[in-house]
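Okay, handing you the structure first.
Chain lettering (A, B and C) follows the sequence in which the chains are written, and residue indices restart at 1 in each chain.
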Amino acid sequence: MSTVKLVRIYFKEGEKTPSHHNLMKELFHLLHDEHKIRGASVFRGVAGFGAHGVVQADDLLRLNVHLPLVLEVFDDPEIIDRVLPQLRELVPAKHIICWEAQLADS
Amino acid sequence: MSTVKLVRIYFKEGEKTPSHHNLMKELFHLLHDEHKIRGASVFRGVAGFGAHGVVQADDLLRLNVHLPLVLEVFDDPEIIDRVLPQLRELVPAKHIICWEAQLADS
Amino acid sequence: MSTVKLVRIYFKEGEKTPSHHNLMKELFHLLHDEHKIRGASVFRGVAGFGAHGVVQADDLLRLNVHLPLVLEVFDDPEIIDRVLPQLRELVPAKHIICWEAQLADS
């Protein structure tokens, strides 16, 4: 088994970068186009709370709330470590966590 | 980078606490109101199995099944360690796991 | 607290096993029926990218894309280690990762 570093980035639907671009698109551009990361997945929460209070999804109310999103990505630790400084420029402090995991590839 | 402890709590839609309150609301109350945890997100699964058999979502059948939910939260390890005993009073044994991760904040 | 091993398996809606069966069903069969794993949850992403390019869900377009799925399961490390070789026969290399976590059970 080889070691990978897994990153989870917490943000919200509709969230913008400091330069007012769509955060999810910028994350995909950085990870996919620039750094050629193998893969990434974004999951949408159905409820959550943060600095701006509690949100809870309900299919009828979906248009009114910005639900939590998490982008999850993993790759070789040295590749992830090269991306992290750029991720920090896009995402508010304390919204990116990472840890090591084992790839069950052999 | 500073160390955080990440917790994942596995439960189901509509699940109640031992005192018959809505589990998700009680978890939010404990984490948000009492312990002032920075943030938390709840994700809903589309399929799963547990002690009560296999469930699988299908938009047409959604009303008939209780899908799996996971609440994810992270904060300083000492803050999480203070909350864990209270979480264990709300959630069945073996449905809470935690591990350490690095906050990519600097 | 006791140690568990957590596994995340990344695949896509509609993905097949090498023997052309539905991958999610085969994973459930292996984990639930054969190995009596306690529980598992499958989460569906709303966006992602991989070897075949970028996908992004939109409720209106849902029928046209195969969204990312992740199956998450944890159990005693020795139980997980017995399942991993069989998981690797079903899932492409580099799509299974695992790490150790603590069960907050006592």
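List of remarks:
Just so we're on the same page, a residue touches a chain if its C-beta (ideal position, glycine included) is under 8 Å from a C-beta of that chain, and two chains touch if they have at least 3 such contacts.
Keep in mind the model is a prediction, meaning the values are calculated, not measured.
Taking CA atoms, the transformation carrying chain B onto chain C includes a rotation by 120°, reported to the nearest 5. Mostly differing positions are employed by chain A and chain B in their mutual contact, as under half of the interface residue numbers are shared between these two copies.
For this pair, chain A with chain B, the centres built from the Cα atoms lie 19 Å apart. Touching two or more other chains at once are residues 43-44, 99 of chain B. If you check the complex, the residues on chain A that touch chain C are 4, 6, 24, 28, 31-32, 38-44, 69, 72, 74, 99-106. Of all the residues in chain B, the ones that touch chain C in their complex are 7, 10, 43-51, 54, 68, 70, 84, 87-88, 93-94, 96-99.
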